[in-house]
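Heads up, there are several structures right after this.
You will see two complexes here that share chain A, one where it goes with chain B and one where it goes with chain C.
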Partner chain A sequence: MSEAPASAFASPPHARVLLRDASGGVRVVWIEPAIEAVRQQSAFGEISSRAFGMASSFPFLALMLAGFVVPLLCVCAFSLMPPRTFSLAQIPTLANYRIIFEQGYLLSLSKSVALALATVGILLVVCYPLAFALAKVFRSGAALVTYAIASSLFVSENIRLFGWVIGLMKGGVLAGISRQLGLEVESWLYNVPVIIFGMVYVYLPFMLFPLALGLQMVPEQVREAAFDLGASRWQVFRMIDVPLSMPGIVIGSVLVFVLSLGAIAEAKILGGQKVVTIAAEIETAFTFGQNWPLGSALATMLIGITAVLVFALLRKIDFERFLGRRLEAEP
Partner chain B sequence: MIITRAQRVGLSVYAGLVLLVFYFPIFCLAAASFSKKRYFSFPYPWADVTTRWYVEAASSAQVAQFVGVSLRIAALTTILSLLIGFFASLAYARYAWRGRRTFQRLVLLPLFFPQSVLGLALLMWFNFLGVKPSWWTAVIAHTVWIAPIATLIMSIRAYGLDPSLEEAARDMGASRWQILRWITIPLMAPGIVSAACFSILLSWGNFALSLFTTGADSSLPEWLYARMTSGYQPIIPAVGTLSVAAAIVVVLAGAAVLGIRRRFAARRLAAAV
Partner chain C sequence: MNSKNGLSRRSFLKTAAVATAAVAAGPFSTLRSFAASREDELNILCWEGYNTENVLGPFRKAFKGVTVKAESGTDDPSMINKLRAGETKIWDLINVNQCWARDMLWPEKLIKPLNRARFEPYIEKMMKWFYSPETGINPFALSPDGKELLGMMQRFGPFSFVINTNKISATTAEDQGFPMFLDPALKGRYGILAYDNWNVMHLCITAGLNPFTQLNADQLAKFEETAEKVFEGAKMISSDLVQLNQALINGEIDLYFTGGTYTSSPARHEGRLEVLGISPKSGPIDGKGALQWFEITSLVNNPNLSPRAEDFLEFVQRPEICKAVAFAEGTYNPVSQMSNPEVFKLFSKEDLVAIQWDTLEEEMARSADYQICPNNDELTDIYNKVKRKRV
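Up next, the complex of A and B:
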């Protein structure tokens, strides 16, 4: 059996019996139907596992259809209903979008976009050195830092934000510490920078991990070659690290932008309603305002922005390669 | 690459600082939860340390009710996410089929979506269907967001499955069900355990989706949020700290299960050799 091909174990039992019984010359005669049988069986196996793979995706697809796609379409449909109505059985109108344009809701939207952009920018600067350290410098420490930051995702974000309230409020932990150091500080809360800080804090993992994965994709040899050819650190950063880790940078940025555009708790808990974000406007329209079509129209605009960004991202980036790299790195 | 000692130290210090800032609010929460005063002020003398708020939290029927709702949602979400995600991860990573690429992208879609908008969309959809929102509509909302995460986690394991093991079983005449029961599920077990931990924890801590979809039943994060926005009360940090402690217990339990499994596998391997 030693010269048998690697897939020979898949041959049907009767062929194997014949191989064992027959002498050398006879075996050659019998092996051909055996190989043919193997080929047929593996072709059959391919088809059946292909069908099984497709069937395995059905429950998930059903969930996405009923719990994601249709509800979003439902919001879009509701945004076309007359203001302050609660059913979908009416004549479509663009009245809600006119209200959005006329009554200053675009200002909330642009404020939210500005907050989200600021969050993305700050996070790129804050996370890059750490992601670089995780991907290229730290060894066993990298796992520790990764676990420590990933674990924070398990604590409800409003509990963590409330921790910051206790830290930053009047008479809070930071004020107490600075008083010990001889500094008199009032409350840090309820202003725009602290809202941005809260978003930076909550969404840091969503920037850090894609960046670190992206930097892992940069081959060390390429960087070394550049250094050997006399490139400076800045040149390596600009011409090698950034372009080659671009998938990570783009994924992290889009993820953080989209998530912070829908952020609701930061502005309320840390900002004390100083800035009314678009997500807060949507919530108000649904609760106090009792104006579902208006809330839907605002939500539809968010859905639109998100959809454009995410579809562009999915089209551009090969996620299997991106995630596959990590799989190789983790045995 | 040449990384000098100073640079390595600098990056380590930076990482330490980020972690310090990261865990600072948890520390604040714990500090506030032990203070006797109704109006928290830091630092407070040793004489003011009390466990009174914990006793109050533990004996509060209201808190128990919200914990119950959160636990029910987390349990059901986890079961559903594991069932759906297990097969989805096989479709994602194990088998080659025609629509696989598109499917892989679809799995990522809900993760790249603001949760508040998703929760709202589901609320309107339930309303359209005439379903009254309650804790189990929140289960559906959580599952829409968590099943993709469970799928991705189990896919990491599914990528590493050796296809020849399933093929060998099939050639020996095993049925699809037998292959699944005796080959695929045991090999996927570590991935299933991690996915279960993630599902429980993410559902337990979720706020944005619950806010819109729980209806009259309130989950623990929702209740905390309602209390937070109406001013400081000492029971909030106590319940918050307990919630963090519960999450730590789940993480440790998950790590223990995986560790014990690995040790058993190693012993079995040693016995076989």
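Up next, the complex of A and C:
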């Protein structure tokens, strides 16, 4: 049986707690009064902190409800209204969804998906080595590279794309340089590859930074151990780097895919609308098409596809571990 | 402790209390002012031009203390969407192309009629396309029954297609008209300006159809076939007129479908006179194969309309403001007030060359009014279907 520590009688009375051990015996434990006070109040404290938490989340919930859920519901509701009408007070119909299937809108969707997949694939290949360098090699230089790449985000996407138009057009900067070198180059614009180039260029930071974050999670000791055990570089890449940096790969890929799926400017400015993207279709339906219900149905379809994909992929990631490990990896 | 910079604890608390009170009272004071007259406020929704400092700056000087907010739209339907979505409470004036005011804004009660007695004297001095003693005011500025004045007319111009005269002669383009875009020799040599509602009308003309009559199934099929050919032969599509002019000048393309003074004038004003708006000599709209537009500025059906709205409409009739509207940022266009010598003398020789003044009368005579097509919905669906199948 435990006894109260000798010093306990010299100080204010200690609380005595009876604990039952695994064999059924009872054990007395003396604890500090302050701890006891907390223990006694814990039930009340738990309730009050929960209420406080609920109250604190109210502004956020209100914002999400007013700014996200309600507009989304409006879009969904409009998608069920008769085509080319402007009121929600009508008999719901699936006519807009039928139009999407009948009038070839799936073609635009499939083109947008193809462009987005190509962008994700290219960016994975392009960004992985750079992310590896940022996470493992550059050390102090990493911050500089990060700022340099992130700074592009401070310039409007349209302005950057028009800059490329000047560079790539017939008689433009690239053609001028080529002519100086004795090569006659026609315009590089208005085709599918230049659209993909534009998307790769614009969305590069959205792939690079999650990848670098993911690669920081890979413990150097594990890699060193693998090398010590005779693994080749390829084996270390395939069996250690890729699996352990998978959260970064998934987040980067999802971000780029979702952004690319909604991309509009690259196909318009660089591609001369060689491809009509699904985002352009939505814009057209809402503006000169004057068909809000069709635009809403297209938007609902796009949101649905994106949501299914994103939730399916992100369910596989333990965010706490992802962020926690990142902190552990910091020196 | 902050005595050096004059901020004591007491003064801080006092300031904070005043600021809090002001913030708390803010919404109520706004409501109060909203309920009261909005004579010190004016909100304009317009095409680019009316919102430049050359127009708004002098207005602010003339009407001291008035806060003017002007937002430019990129197309008529988007601007109308704003009013439909409930922004009639915000805007006082809306500026759209002619057919949208009479055929959409007016029936949907999104605009109010003007005071005819106040504005007709201005209209009676306008160019002949807007007022003639025989036929009166241009019907697009009036309600369908001819009783109400729906807005004031200002910028206008022919709008069909644009060529590079170094590659194609103006005479050839005017003689052949839109069907030249179906010529296999021009495949891959032209661009398309994605002003889609215009393209629907111009594709009808290319197909030999009058877009302003009811089309039958065969005619719709002909439209689709023509649209497919035109899209198939296009090298580029852009909604940016600068990009198309640039492509025309650097030889990327030799002509573009569609355009006119509105799109060619910026390049011409820079001295690139080979960029020329063309109005075909003949076509299927009662013999006409070209189109023209004019902008009309109307009073929004705002429950608390600013009294400054009509003042602004009167203000933009001043000669120097007419010139500022005509030669706004981006594009240069003739204005309906150019029949007034006081207005006309403000245009330099270069300005007149930029807006193709020497051929304006001839081009307007060849052009039909921009209207909403009876088959607009079907034509738009076909147009979009063809566009997305381009690759």
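Throughout what follows, the second predicted complex is superposed on the first by the 261 of 331 C-alpha atoms of A that agree within 3 Å, B and C clash if a C-alpha of one lies under 4 Å from a C-alpha of the other, contacts with A are read in each partner's own complex, and residues count from 1 in each chain.
Definition applied: a contact is a pair of C-beta atoms (placed from the backbone, for glycine too) under 8 Å apart; a residue touches a chain by one contact, two chains touch by 3 or more.
Keep in mind it's a predicted model, so treat the numbers as computed, not measured.
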{"item": "First (chain B), second (chain C), both or neither touched by A:V276", "value": "second"}
{"item": "Chain B versus chain C as contact partner of A:A133, first or second or both or neither", "value": "first"}
{"item": "Which of chain B and chain C A:G121 touches, first, second, both or neither", "value": "neither"}
{"item": "Partner chain in contact with A:F286 - chain B first, chain C second, else both or neither", "value": "both"}
{"item": "Chain A residues touched - chain C or chain B, whichever exceeds", "value": "B"}
{"item": "Which of chain B and chain C A:K268 touches, first, second, both or neither", "value": "both"}
{"item": "Which of chain B and chain C A:R223 touches, first, second, both or neither", "value": "first"}
{"item": "First (chain B), second (chain C), both or neither touched by A:G171", "value": "both"}
{"item": "Touching partner for A:K111 - first (chain B), second (chain C), both, neither", "value": "second"}
{"item": "Common interface positions of chain A, toward chain B and toward chain C", "value": "86, 165, 169, 171-172, 268-269, 286, 292"}
{"item": "Residue ranges of chain C touching chain A (in the complex, touch as defined)", "value": "75, 77-78, 81, 84, 191-192, 194, 196-197, 235-240, 243, 246-247, 250-252, 377, 380-381, 384-385, 387-391"}
{"item": "Chain A residues touching chain B - in the complex, by the definition given at the top", "value": "9-10, 41, 45, 49-61, 63-64, 67-68, 70-72, 74-75, 78, 86, 88, 126, 129-130, 132-133, 136-138, 141, 145, 148-149, 151-167, 169, 171-173, 175-177, 180, 201, 204, 220, 223-224, 227, 254-255, 258-259, 261-265, 268-269, 279, 282-283, 286, 292, 295-296, 299, 302-303, 306, 310, 313-314, 319-320, 323-324, 326-327, 330"}
{"item": "Residue numbers on chain A that touch chain C, as the complex places them", "value": "84, 86, 103-105, 107-108, 111, 165, 169-172, 187, 189-190, 192, 268-269, 272-276, 281, 284, 286-290, 292"}
{"item": "Touching residues (chain side chain B, partner chain A) in the complex", "value": "1-3, 7-8, 11-12, 14-15, 18-19, 21-29, 31-32, 39-43, 83-85, 87-88, 90-92, 94-101, 103-118, 120-125, 127-128, 140-141, 143-144, 147, 151-152, 155-156, 159-160, 166-168, 170-171, 176, 201-202, 204-208, 211-212, 220-221, 224-225, 228-229, 232, 236-237, 240, 243-244, 247, 250-251"}
